[in-house]
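Following this message is one structure expressed as structure tokens.
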């Protein structure tokens, strides 16, 4: 099996030559923005390993809650680790289970009873591809098809991009196996306790994606409407902070009848900075590299909708930009509840002491970011944005963890 | 004088090291998307030359109409050329005029009487910086200031990006000189026949820029309104083709009362392809790499606003995407008149035989792109988008050339 | 622990920036020309692993004879492998032994009782550095010192390069541990059966190195003298094929009294090709990129000394070059016996069917390479080149393997 | 005409892709080590220009003595310069002369009457290739042929490298034109005053080259013999400082009967540093990255032959290395006279105040470099190294300039 990996944007890592060196009828790619501050090439997914039955390739989205314990346990039997990635821990478990199972999917199933937390993973061997999702279904995973080729992807927009048809979502706890003979499913581990990450809808996913049957775009429109009901304001225009605040702003505008407007222009060529590992770099580069269209804002009372507030520095910066551009008032509305608790399932939220919402009252935050008023989506009505579905995880807002959080080091 | 140039995106060409190697208190940079199919490193601007008085650095935006004649004339006196750029022809003329003038700005003025066509250029010598704009004012050029530093830029959004204040536009025909002592102006060549490129407002410029006192955003809103008045349609939603079609779509929505919506999601990481030299590559990469949000479009009659139609392939592609996403009808509205004539002033329009508008009637185009109706902004009302100002060039639509077009080779 | 690795020459892989990112008071580097045809970045040494006791870094020179068996054995306990390198197998054994030992050097010693074959390895942990050599001593390993810093290296010329003093060789079977407190030694595994690779003296090592107390240069001079005694020829000049044939040519000249000359000029800038993985590329690039000095050769009977013949194509090429340059006769002398058997201890000899010496008689080879006569160093007198020492391995010439060769796959 | 240029080693600049992008039946390449401290990509040869008659490509080896005057003269007519290279001045003259001549070779001839100093240049147009050498013949230029292709090269070793036959040298003052019809010659400017650079034989050229019919190798052997006659010493071994000192050392050894030996091993992978622009970097990298073979030197009286002494730091370093390696005495012999005067014809000799030979007596130098004795080749017998030919330039040793040196700035 051939592999090629690197740090950076896809267009930086993959030259035509590298791309052409990859052959075969099963392929597995992985891309992510790095949550950790320091990332090494060694940690880049997918992980390619050799084990008793040959070669296995793994890519994972999520975060194990017992990763550290499992790693220590493995180390106590003499295991060696070459990466910091959960995938290596998963690979070890599959390799060990494979000794006593008839096939790879059984080994995956057995391994899944040992690993806890959030994971949506795709595993390729020379003759099959396996997609598996943790029983809570924290992270999305869907199946597409183009001609005779099955495709696993986190988001449906990836299927659109390659011209594939959406088939269905992988169920929480399901193991889907694709071979030359077609697709089969093992639902042994599927249970009733579903905990889809609500923040996928709020921020991570692209609005043109559907996750577990729900349109991300619609969920944001709905969040904006609820927000408008709970935190109305007298204003002349509603604007969204690009890109993830736009749909909620539209919902807010629709609900209130206040016109929706586009206030910001993004500098199109800073894209590469998005994938930089440091939170601070990401904030300043992605959101702050905006320019305000004065014509849209001048002499107006503005409702500015964003998806979340983390440290508050970005919000403060944008409010000030709007006021410099002539806004008479800036009312900030956030289409999610305040961050108050750490996420152990893969969302990159800084520690509590860095969260402006953890350390301040709404009034204090409002002053700190220089807004004329501030309103958050109430946690009580959060489920309405996904049509009343209550099978979601909102632990970062509520502290209501579906599984025991990992012990602190 | 130090210089560093390269082909590619700024972030590809300039490493931290290269950037740090550039010192001094006068700086001149240039970036453009390449109109020519084949571009060599030699042709990258700014041009750095040595001449009788030392070093001169030139960057130019535009296109000389008598560039070929001047080059032949120079060659007949034994001149040698190392680039294909107009800047080299300009540099030669400045160098020759400099032999009989007291200073560089006089040489620039004399050279400007010989070069014809569109140019907005900035020229730096070790002790001064000169900004000059052709007497028709085809291409924009503005002046900004930050602390004690003067800045020349094509668009005002560049001033915003570096935190500079807008001072004023350079007048058509004006030569502005900046030295340690401050700014001075020579308006000897300023005349009455102004011909600002209207296509800057329609397509090139960023909506947050102001050109010659007119907001690009407002001009597009206005174009959308006029378009709505001339080519109304019964529909449920108005959507713009990103990014340059969005403001016109908003204007259209505002005028008609039909709701404005965001139908497209752009893949954020294809930015680098924008600067690729081949028209075909640019079309397919930039516009086609869109995805439709089905939720916005499904079962709706859609008005799709774009800034222009060139070959028609992109429009056809997007109309089909909308219909696949469930649009019941797609009415295409173009916020500019049909392209019918070549531009000799720097706009990269393909030759007539490649223009769908040159070879087909409106009805034929409508069929070719699979639209339910098609309407272009009428040339007669074009000036209304810039507030009634009639000092603009619309030759690519009207064939009304302000100067004699260059003889065909 | 920080690490940085790459494929290519050191000067290609290590920029100033990469180099400066490596900090600390223990460092471990590795460079080699790749024996395998396909090398991936994953396989580049040193190997950096985490295990029960923290971090361990390994670099190895040699080849395990039971590597495949050990790997299969490990796989049968659920181990996973991310490289093709022996070092990973060694690391696993150290990690497992470390569970039941008091320190790393004990774990290394226990692991050494399980791994067979040729290895000279250096292992670094955050607080110590361990150098270990297999009990046969196939591959060299020496100790140097500069100020208070101990250095392990394969060859003494590396010590010269950094201005370090040679301390002594690591003994076959010895484990040398360096900590802040100084150097200590464990000779438990040292035995009497020494099998130093004779080909290190003949070809691999630099002539300015000393291996186990013997000057590489002197050993080659001696090989040339023995060769002259066994295969004299009437000639006007003795020339060596650069670089490894030069010293033997000098010895031949000295013994016979025939003048030594320099016949070849190397193209100095093909160095990077040396590290290319394919044998064929190496042959053609390194040896064939020579030019003959006609003045030295013209009208002369030439004795051309080389260290070995593999496929014979290079020798044929060089003989023809000499004859084209005017040599009247070319007598080829090889300062080692014919290759007849595979090496399992790290020397990159092609398989028997590609060896000209395996498939042909001396007379046939002589004709094939167009030489006027051909003589090899006799295996019986091989030990004389290293001063009569009989503790060496010459299995590639004699088939006399000191350990059972690995079973064929 | 396609061109590709860059800074660095050929293998760094030319990827397979770049190489394959160059098509046609006339090709012109240029490589040199940079004499100037700061080199820009703009200055890399060959120069590609457009002029009245189309495209012209120039590559030059040498240095014009009136380059600065010609440049000023051109600037006074309004010329602009984009490089620091003499080639641009030459190109201008050819372009101007071409206005009044029937063909390019006539223009080259007329230009040659205006440009003074050292130049061996090759000029390509789409249909012909012209090789021209200044009337003094300072720099070498030869003609080769392979099948139906003619090749111009500075040194004959380049012809060997591509398997071409040597045809003849271009005569001093000759203009050789190659077209599809074959080769023709214009000897109008050939005169009697020949001044071949003697330092080409001493240092620059590869020993396997022939310049103007004389073997570089033989010339160095001869220099060594003369040196031995003039500065004998009692010693046990003669060694050369690689690479340019080796042949002279052989000549010294041959003349005296003292055995020749190889004392130094070069680190083969520092090649790229050779082309670095700074003299200091070149000295330390190229010559100092040597290791001494102690076995060769230990307890011996050594004669160390080098081609020249510039600042003396390298010599001092090497003498010390030899003594550290156990040499009892080190007698330094230099196969050229002391540098005393600047070269205006392309040899990169530092200014006088940096020359150890300019500022010290032989005795002082001998002490400074820690040698036991020191001898230079006497200028009076210099011509003997090239067989008595007196048509050479030795101005850097004698101050005997064949043309007026350029005025100091």
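Note that the chains take the letters A, B, C and D in the order they are written out, and that residue 1 is the start of every chain.
Criterion: a residue touches a chain if its C-beta (ideal position, glycine included) is under 8 Å from a C-beta of that chain, and two chains touch if they have at least 3 such contacts.
Note that the coordinates shown come from a computational prediction; the quantities given were computed from them, not determined experimentally.
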- Message: For subunit C and subunit D, which third chains touch each of them?
- Response: none
- Task: Have a look at where subunit A meets subunit B and say same if over half of the interface residue numbers show up on both copies, different if under half do.
- Result: same
- Message: Taking each chain's centre as the mean of its C-alpha atoms, which one ends up farthest from the centre of subunit A?
- Response: D
- Note on the structure: Rounded to the nearest Å, the gap between Cα centres of subunit A and subunit C is 51
- Between subunit B and subunit C, what's the gap in Å when you average each chain's C-alpha atoms? 63
- Averaging C-alpha coordinates per chain, one finds the centres of subunit A and subunit B separated by a number of Å equal to 38
- Every chain pair in contact, whichever chains are involved: A-B, A-C, B-D, C-D
- subunit D partner contacts - residues on subunit B that touch it in the complex: 3, 40-42, 47-52, 56, 75-82, 88, 91-92, 95-96, 98-99
- Item | Contact footprint of subunit A on subunit B as seen in their complex | 9-11, 157, 160-161, 206-208, 215, 217-218, 243, 246-247, 250, 260-262, 265, 267-269, 271-272, 274, 291-296
